[in-house]
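Residue numbering begins at 1 within each chain, and the chains themselves are lettered A, B and C in the order written.
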Amino acid sequence: MITVRPHAPTASHVPGLARRHATDRAMTVLLAVAVLVTIAVLAWVLVYVAAQGLKYLGPGFFTSTPPGNPATVGGGYANGIIGSLIIVGIATVISVPIGIAAAVAVTEYGGRLAAVTGFLTDVLVGVPTIVIGAFIWVIWVDRFGFSALAASAALAIVMLPLVIRASAEMLRLVPDVLREASAALGVTRARTIISVVLPTALSGLITGVMLAVARAMGETAPVLLTTLNDQFVQVNPAKPMTTLSLQIFTDAITGFRAAQARAWAGALTLIGIVLIFAIGARLVSRRASSIT
Amino acid sequence: MASRSSSSGAGAVQPAGIRLHGTRRLGDRVFRGGVSAAAALVVILLAAIAVFLIGQGWPALRHYGVFSFLASDRWAPSDATAASTHPNPYGILQFIYGTALTSVIGMLIALPVAVAAGLFITQYAPAWLRRPLSYLVDLLAAVPSVVYGFWGIFALIPALHPVVNFLIPTLGGIPGIGVVFAGPFFGVSYFAAGVVLAIMVLPIVTAICREVFATAPADEKEAALALGMTRWEMIRLAVLRRSRSGIIGAAILGLGRAIGETIAVTMVIGNSVLSITKSIFGQGATLSSVIANEFTEAVEPYHFQSLFVVAAWLLVIAVVVNIAGRFVTRQTRGGLV
Amino acid sequence: MTTDKIPGRPGMDLAGTGAGTGTRGRIDVRGVTASYAGRPAVTDVDITLQPGKVTAFIGPSGCGKTTLLRCMNGLHLTVPKATVTGLVQLDGTDIYGKDVDMVEVRRHVGMVFQRPNPFPAMSIADNVIAGLKFGPRRERRAARLEEVVERSLRQAGLWDEVKDRLGKPGAGLSGGQQQRLCIARSLAVQPQVLLMDEPCSALDPVSTLIIEQLIGELKRDYTIVIVTHNMQQAARVSDITAFFTVSGPGQPGRMVEASPTKDLFSNPAEQATKDYITGKVG
């Protein structure tokens, strides 16, 4: 015998409905927890580094160099900070023009070279940075010795695919009508790209470069194999120059408290610099999109 | 009357011939040549990396034989002499094992969290919350590797001790696989490296998942709801089911990122290079960590060259995994081309 | 309205202005078929676009009016796998000929697009002279750029509205003003022909009226071709109207007839034309 129940759509009348709702609620909570855990880990890292770093960080940290003996208390990372700025600066000067030019070749001209380049750029992003450091060691350091230039070359290779990718994305966002309008005026292809397409994409290109710079400042592995860590301020790019990341790495793995204290302050400084570039990039892109 | 057609490149206009403004044509050609050269540089670079790495490692490859490196998990530079070619003291199996193990642990932890976070951000969070949440998750990627390693040693590992001390007696007691979870636990370990890697790959995997989930068409979602499904059931049907390949692709790409990570791993893995350590709570090494660790002190015969053999293998593995990941996700993401 | 000679541009006669000078800025289209990846969009068109006159292309969507327009300045071929057969002559010169530089052709045949598209990275003044600044050096040096800015903006009827803010970006203008800026930009390179692809379809009625009046003034010095969906606009603005249609769904477009506007609208020669203008067909 079949009992026909009244079709009231409440949980008590429809079997299993209450359970399904409970599952639904549980999943919502679970997913939210996942996000919270992620953010909590981020906070944990930042707060911990800040707490440890602030114990030692002072204005003297930016103006003094580390002591010769790592066990000695005191000193700072002035040489590493200067070294990072110089080395990443040179790497930027190398990688940005080549990167934007390659992005132009891929997006504006297309063709088989462009397709291959696009694919290989994605491959290059996945090459471990230690491998890039080893490569530069073979072709440069082996012949000319450790130097800031070698480290810059390695970092330029790390930055190159990032610049190409970001630039290509920005160039693609420039509406085609603008290229057509320029062509309709009888302006040549090259001129159109230089005078219309690139300026229109400019703020996006800057954002991409800043993000690549932020990434390069934090890199240690490519620098590890191409330059040397020491306690002297060096501004000659042909000579070995240490970076902030290298100093932190070297000091962190010693057993000495004094060295580790410096390393924490250095870590806080490095995060600060990276965040300045990363957030700065966001601000540039936000201001740009509010203008257009 | 002849027929004219365009060339294959997008936007290419190739009228033949020069008339009054030969210089303009030349300028265009020079410009195009210049940017094409820049693009070609990427191709040359990748080829050069492979060639020079193998070139530097060639003496060791020739001396011991190419495949002998894969035949052994014993890496003992002190055993090496200039004359003996067998057995190969530079077996790299444990580095491959270490790389694989730490990356897999990292992905096992990161993938569920990334999928969950991606779902929450795209399907549950109100519109105004989406950008800030995404931004915060992405910020994890801004933290430099050396900082993660440093924090890993002093903050994470102490926090892992109670967890691991719980797991060792419970999982370590299981017959058969128990040896994989055996103590002692000294902090630095495959497991610690895996946890750090999980945190480091989380942002990229979450970002890809977000992209994939955001493409689920609204009509399908509404149709599911209209059929009387709860929100979670709708997501399982209209979002997750169609995102399968995207999630797999994200996992593979995250794996690729984990494989290449060096500095954070070398700081928390313990750098025990002699052979494979059976327990995940024991110390070990990866392809990348051994290079970073021994590069400046490789004085034994063929030690330095063998490190380049390691580098070559690392390059191959990382590139293959990355290409596989891109291949799987190419329908769901843009990519460069 | 005077048109100064731009020195340094040989090959085309730039002397004087005015209607009826016969061969200056005449486009002859003979047997032109334009296709995309082998599929024809418009077939076998024969028409002459006369200087000093406005010719309108009307007809339902998808019958190739815009495609044909873009064949007249070579932009059609910028689409991958696009082809064109037949003859397009500018004052007797085949623009697709072996020795002809299309970039140069476009200095003589200008185009205004459907949506106003001033260059966002440039000011109003820079937009106007963009074609000159990035063109051949000879013309750049010869023309006095500030004069060109004023002359072109006056020709486009925009001078009074923007003369105090020439340095501001073009994006700050209204839609109608932006479109007149684009017209000024095209006029600055002193073409003989102006192609207009539905120039008012994205604009409000007031701006549309202003631009229609502008077209009436410009035709004295230029050959103007305008593609429009709006029959009444064609009736108001043009001297000659060409009606296009498709023979059936999925078929390529074709030109049905081209006649003086008054004749076409009061007494069309073809039934298809009559059906369209009386609204029997959409």
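In this text, a residue touches a chain if its C-beta (ideal position, glycine included) is under 8 Å from a C-beta of that chain, and two chains touch if they have at least 3 such contacts.
Given the structure is predicted, the values throughout are model-derived calculations rather than measurements.
Undergrad: Would you mind checking which chain's mean C-alpha position lies nearest the centre of all protein C-alpha atoms?
TA: Chain nearest the centroid of all protein C-alpha atoms: A.
Undergrad: Give the label of the chain whose average Cα location is farthest from that of chain C.
TA: B
Undergrad: Calculate how many whole Å lie between the centre of chain B and the centre of chain C, each centre taken as the average of the chain's C-alpha atoms.
TA: Those two chain centres are 54 Å apart.
Undergrad: Taking the mean of the C-alpha atoms as each chain's centre, how many Å separate chain A from chain B?
TA: Those two chain centres are 15 Å apart.
Undergrad: Roughly how far is chain A from chain C, going centre to centre by Cα mean, in whole Å?
TA: 48
Undergrad: Show the residues in chain A shared as contacts by 2 or more other chains, in ascending order.
TA: Within chain A, residues 183, 188, 191 contact more than one other chain.
Undergrad: What are the residue numbers in chain C that touch two or more other chains?
TA: Residues 78, 103-104.
Undergrad: At least two partner chains per residue is the criterion; list those residues in chain B.
TA: Within chain B, the residues that touch at least two other chains are 8-13, 24.
Undergrad: What residues of chain A sit close enough to touch chain B in their complex?
TA: Listed in rising order, the residues are 20-21, 23-24, 27-28, 30-35, 37-39, 41-42, 44-46, 48-49, 52, 97-99, 101-102, 104-106, 108-111, 113-132, 134-135, 137-139, 157, 160-161, 164-165, 168-169, 176, 179, 183, 188-191, 193-194, 214, 217-221, 224-225, 245, 248-249, 252-253, 263-264, 267, 270-271, 274-275, 278, 282.
Undergrad: Under the touch definition given earlier, write down the residues of chain C that touch chain A in their complex.
TA: It is residues 73, 75, 78, 103-107, 110-111, 113, 115, 117, 119-122, 130-131, 133-135, 171, 182, 185-186, 189 of chain C that touch chain A.
Undergrad: What residues on chain B touch chain A, complex-wise?
TA: 8-13, 24, 27-28, 30-32, 34-43, 45-46, 48-49, 52-53, 55-56, 112-113, 116-117, 119-121, 124-125, 133, 135-137, 139-140, 142-151, 153-155, 199, 202, 206, 230-233, 256-257, 259-263, 267, 288, 291-292, 295, 307-308, 311, 314-315, 318-319, 321-323, 326, 334-337
Undergrad: Can you list the residues on chain A that touch chain C in the complex?
TA: Interface residues on the chain A side: 175, 177-178, 180-188, 191-192, 195-196, 199-200, 202, 291-292.
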